[in-house]
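Once you've had a glance at the structure underneath, I'll fire off some questions.
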Amino acid sequence: MAKVVGGNTGSKVRKKLALFFLIGWILLIIGDRVDELRVYQGAQIAMYTIALASIVLLTGYSGQVSLGNGAMMAVGGYAAALTLNNLQTPIWSAFMMAILVAALFGAFLGLAAARLSGPYLAGTTLALAVGLPAIANQFSFLGGEPGLLFDVGFPPERFGEDFTQYKWFFWIATFIALIALFVTSNILQSRFGRTWRAIRGNSLAAELSGINASQLKVLAFSVSSGLAGLAGAVLAMTISLVAPGAYTLALSFALVTGAVLAGISSLPGVVLGGFILVAIPEIADALASSLGSEDKLNSYLPGLIVSVLLILSVIYTPNGPGENLRKHFHKKSAH
Amino acid sequence: MSLVVSNLSVSHGAISALRGIDFSVEVGQLAAVIGANGAGKTTLLRTLSGLKDAISGNATWKDREILGKRPDELVRRGISHVSEGKSVIPELSVKENLILGGIWRGKKSDTAEAINEVVELFPRLGERMSQSANTLSGGERQMLAIGRALVSRPKLLLLDEPSLGLAPIVIEQIFQTIDQLRHRLGLTVLLVEQNAMSALEIADIGVIINLGEVVATGPANELINDPALRAAYLGY
Amino acid sequence: MQKALETLLIGLSTGSIYALMSLALVLVWRSTRVINFAQAGQAMFSTYIGFEIATRSQIFWLGLLFAIVAGALLGAGVDYFFMRVLFKHANSGPALVVAPVIATLGLLGLIRSIVGLTWGGEFKSLTAPASKNGFTFGEVTIPFSPLDSLTIITVAVILIILALLFQRTNLGLALRASAYSPEIAQLAGIRTARTRTIGWAIAGGVGGVAGMLVTSYNFLTPYSLDLLLVFGFIAAVIGGLESMVGAVIGALVLGIGLTIILNYVGTSLVFIGGFSVLLLVLLIKPDGIMARGKVRRG
Amino acid sequence: MIRKTHGKRTWFAAAVLAAGSLLATSLPAHAETGVTSNSIKLGITLPLTGAASPGYSKIGNAMDAYFKYVNDNGGVYGRKITLVQKDDQYSPQLSIAKTNELILKDKVFALVGPLGTANFTAVHKSVGLPRRKVPALFLNTGFSGFANKKKFPTSFTILPSYAMEAKIVSQFLKENFAGKKLGLVYQNDEFGIDALGAFKDAGVKFDVSIPYTSGTQSAATAQTWVSQLASGGAQVVVFFGVTSATAPLLAVAAAAKYAPQWILGSVGSDPLTLQVLGVPVAVLNGALTPAGNPSPNDLTDEYVKQFQEINDKYNKAAFDDYVLQGMNLGLMTVQALRAAGPRLTRRGLIKAIENKGSTFASVAYSPLGYSRTSNVGHTGYYMAVMGPTGDRKPYGGKVTLYTTDSGKGPVVKSDFKRPAMPAKGLPNNS
């Protein structure tokens, strides 16, 4: 874990911890005021923020473009399901196992990835993302197409009768997301974050100044995969199921879109990215019903919106809208 | 009817490379552009040939503006630039490198004829037509680079340090060929060189650049004999 | 022994379709230094056009011609409108590496959605130009069919045409020169931007042929060419991405390799086999089998 | 200097944004969800696009057409039925998301004809239908696991289970193809494995048995199935899979001139769809298929004739098995809604089917098994043979109905006569 240097970062971390508690507390209150669909979507937003954080860390900081985060989410999801179903250990151990197994896979993939760059890495991870369902169908203990159950159990009785299952998912997902973002934020502000940025800037220069670039790239890949694995387990919890169909190429696309929209190198932006990814199907639904087109065409509308957003954002705000807004403010405040 | 450069300024991002460059070269003349390394000589050629955009000023060839035009447009108006450091394509054969210069004119027979002229000029190339360009020596590459430019039948030839990294006798041969060419084809040549003395010897006029500014310009023989300039820039 | 021959023949026919896709990817990579993930979308769109014409006219070859033209026009359009705008804007910061990859993926998604919205997602099946019944020698029927042989012949013809274009014509020389060193080509009078667009057009046309040939075997849906893109990429990487001959050889090696896995090992292992071949090549010989000493760190 | 990207200001803004999104909503109304004085809202998830869509995508529109017909003739006690269709592309994860939308956003009264074994298993568990007390009428899957009143209290099947179908096919094989070499190709998830178990129990041994994974079916994989079947010398081949797998199997077999006696499971055997997917019609000639309903082209059947009229007026789609099945689901649903009485509640609907469901009129020949302890619909099949155009005729000239259960019960030839169709196909039960 990051060595906390000097007094002020210590207090800074404490202040941020307090802030995170405050945010968590507010979200939980809101969770009670809202109908079940919004609560369920809240859990999905939390899941997306963790997944997008893994991309910000990997691509935004260490500069490695990967489409394999969807695949790492699957690894995490399956690991969590197998742990819960076979070892009957408490829920949190399933999530821990998801992180560990995914991080391990990430390290292995990172070894190959460290030797590649740009389009080669993207292409190889695209192959993984497209091929994952075949792998899941290959081993019978993974449950093939219908997949495995991942049952986190009903909310404890003491929360009362009308404490719905989805609110329970929302509590768990938000709790995990807050912890994950807190830890990631500290990692990114630590020595690791700085060296990753250096590698992204110019790996040659970084290497000359003594940074072992490939080793740190593998570490970045592993940590990012661990995060993605955790997000995969949270996704599995929200649908009580782990199946190849849940971790498709479309999910990897959506994650990349969310990360680019959120500003590929800004961590707080992941909340915005998560919100957009959950909002898009809603917008598509509203658009489709207003167009009066039957559901058949509707299934392509979200894809259209995601692609258009992805293209516009990568051309006009390559470093994310947050970046431009920040530049805008700086310009204003500088005058 | 000449190359006129007036008040030309160019910069690399924030760093200014050339400031207020003024000089002109009559048709058929050879102008030697002399100056220390990093004085801005290469930047001047890259701007005139369209590879680099200028910030201000203008340059006309035969009374038509040439700044802001793409290199392939300028080639069609007779301006060919042999860029710095053996500008040949190693993956292509010697013949293909030469043909490249003639593709834009579209007439295969005309290109073949131009290639024969180049082979007469540089017989060594003739022997190695089908060989891949990266098997050529430094001198042969320079000949090939100039050859390709000639196949485009230029009127104004921009040469960027042809002598770089060549043995003295090869330099002598290259300079003789340039001089012979100029008179035979009535070419206007802008020759950028660090090898000041041999350049000025075959030049009509000289342009001396230092730290991005023109410090002296005039007939080549005057510049050679001016003791102050010789001490400051010609090194003896 | 007969099964080995079958595997080789089918491997060649599958590999030859991969060759078209890997060739299209290499053509674009050499000229623009971008791996065009949207190639699958472009090929799929032109295949839908080809499908419409082929079904209406009942002539597969007319459909193929339209697919090539549609593919070429779309390819040129993507370069002229899409890539130029992209390079004008995304040219700084971490975006420089990320932008083309994400942009082409976004374009793939965009084309897929537009095709989905216009043609819908149902399966479309194309009347193949030749029968899929295996050749019969006496009473033995081998799974290698006239359609397979037709595929190999069509691809061979296209490869020959491309080889002649690149080696014997000025356009080919211009394409190669702009790919190897754009600056020198420009100084020699080549309009490199226009040449690059022509390169994209040729890649688009070749992709259209790949789409039509694959569709004569399987159904056509907005997703049916994704796997072809992945295998085309793997083949291009095996070949080293730098040489077109490498792309073709890489594709044939992959095609035969996967058919061996399909026939001798197991059907659903096909993808894992392809993926492990890719990882192996990237780890052991990152510059592919046609490496000419240039190290791939770019 | 690393830019300060994690200022507290941005964190707080991000949290408020997320919270804001959750607040913007209204609380649910208290009346019975999905029912108003003049309307009943029903929901269905089915593959409108994707691998399994050929054929199945027509069921939703057929049911909707039947509902429109009923609405134009007074609806159900004056209430008009609206059907919300959601495309789940036959993927469990998507069907969960779409069912969530149906229940939480569209607030439907009940689910009707959800399609797909794996999909409904996932939905039932993840969305928690029993806890929410949402009825799921007439599951469009034959998985025998659903025939369990305790585990699926609010769900009712309608198709005979794959286990019943396999037991009936086994009985048929023993009676007609004893001693022949047998081949089996099946989809290796609950759908196929359910049948496999029943074949084993019935003591039928297959010389060649080939599992395939849903989603991997293609011309290439079919090539390996055919070569295995041919080399194994299978004279009779039974197929338990979806239409998009039947098509390559039959096409490749025809191409390799391999022509065994095909026995196509009821699920993947619609002749029209098979032909659209490139299967030459000649191959279908002589193929056997267990069937619950009469042929969609048999105009001598009163149900088929009436449904075709409704289809011509309200649906205008090619009338095939899927449209017939969709309309029959509509007929059964309207009878259930009527049986639940004018004061419509979810509990009332479930009770009505338990008590009166077995008397409902349906196009299928076999009896309905609904009761307070059983949620099983039809319980039998007759064997049919496909003609030169792929159209279905009873094997041996007339319908010999076999009925059984999903368990160890015997296969019995039954002479049950299905109830007559209500006048003009408009239920008037109460």
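Read from first to last, the chains carry the letters A, B, C and D; within each, the first residue is number 1.
Throughout what follows, contacts are C-beta pairs under 8 Å (C-beta built on N, C-alpha and C of every residue); 3 or more make two chains touch, one makes a residue touch a chain.
Bear in mind that the values here come from a model prediction, so they are computed numbers and not experimental data.
**Q** So which chain is the furthest away from chain C, centre to centre on CA atoms?
**A** Farthest chain from chain C, going by C-alpha centroids: B.
**Q** Would you identify the chain whose C-alpha centroid lies closest to the centroid of all protein C-alpha atoms displayed?
**A** So the chain sitting closest to the middle is C.
**Q** Nearest whole angstrom, what separates the Cα centre of chain B from the Cα centre of chain C?
**A** Each chain's C-alpha centroid was found; their separation is 43 Å.
**Q** Calculate how many whole Å lie between the centre of chain A and the centre of chain B, each centre taken as the average of the chain's C-alpha atoms.
**A** 56
**Q** Using CA atom averages as chain centres, what separation in Å is found between chain C and chain D?
**A** Distance between chain centres, rounded to whole Å: 39 Å.
**Q** For chain A versus chain D, what separation do you get between their C-alpha means, in angstrom?
**A** Centre separation, chain A to chain D: 36 Å.
**Q** What positions in chain D touch 2 or more of the other chains?
**A** 48-49, 57, 213, 216 - these are the residues of chain D that touch more than one other chain.
**Q** Give the residues of chain C that touch two or more other chains, as numbers and ranges in rising order.
**A** 116, 120-121, 268, 270, in rising order.
**Q** In chain B, which residues are in touch with two or more of the other chains?
**A** none
**Q** Write out all the pairs of touching chains, ordered by chain label.
**A** Result for touching pairs of chains: A-C, A-D, B-C, C-D.
**Q** In their complex, what parts of chain D are in touch with chain A?
**A** 2-3, 5-6, 8, 10-15, 17-19, 21-28, 48-49, 57, 85-87, 89, 91-94, 96-97, 100-101, 104-105, 117-118, 121-122, 125-126, 128, 131, 188-190, 213-216
**Q** Once bound in the complex, which stretches of chain C touch chain A?
**A** Going through chain C, the ones touching chain A are 29, 34-35, 37, 85-86, 89-90, 92-95, 97-103, 105-110, 112-114, 116-117, 120-121, 222, 226-227, 230, 233-234, 237, 268-272, 274-275, 278-279, 282-283, 286, 296-298.
**Q** Flag every residue of chain D that touches chain C in the complex, lowest number first.
**A** 48-50, 53-54, 57, 212-213, 216, 218-221, 223-224, 227, 244, 251-252, 254-257, 276-278
**Q** Mind pulling up the chain A residues that touch chain D in the complex?
**A** 15-16, 19-20, 23, 26-27, 30-31, 33-42, 45, 133-134, 137, 144-147, 149, 151, 165, 185, 188-189, 193-194, 197, 239-241, 243-246, 248, 265-269, 271-272, 274-275, 278-279, 285, 294-296, 298-300, 322, 326
**Q** What residues on chain C touch chain D, complex-wise?
**A** Listed in rising order, the residues of chain C that touch chain D are 14, 116, 120-123, 125, 131-134, 136, 141, 143, 145, 217-219, 221, 262-263, 267-268, 270.
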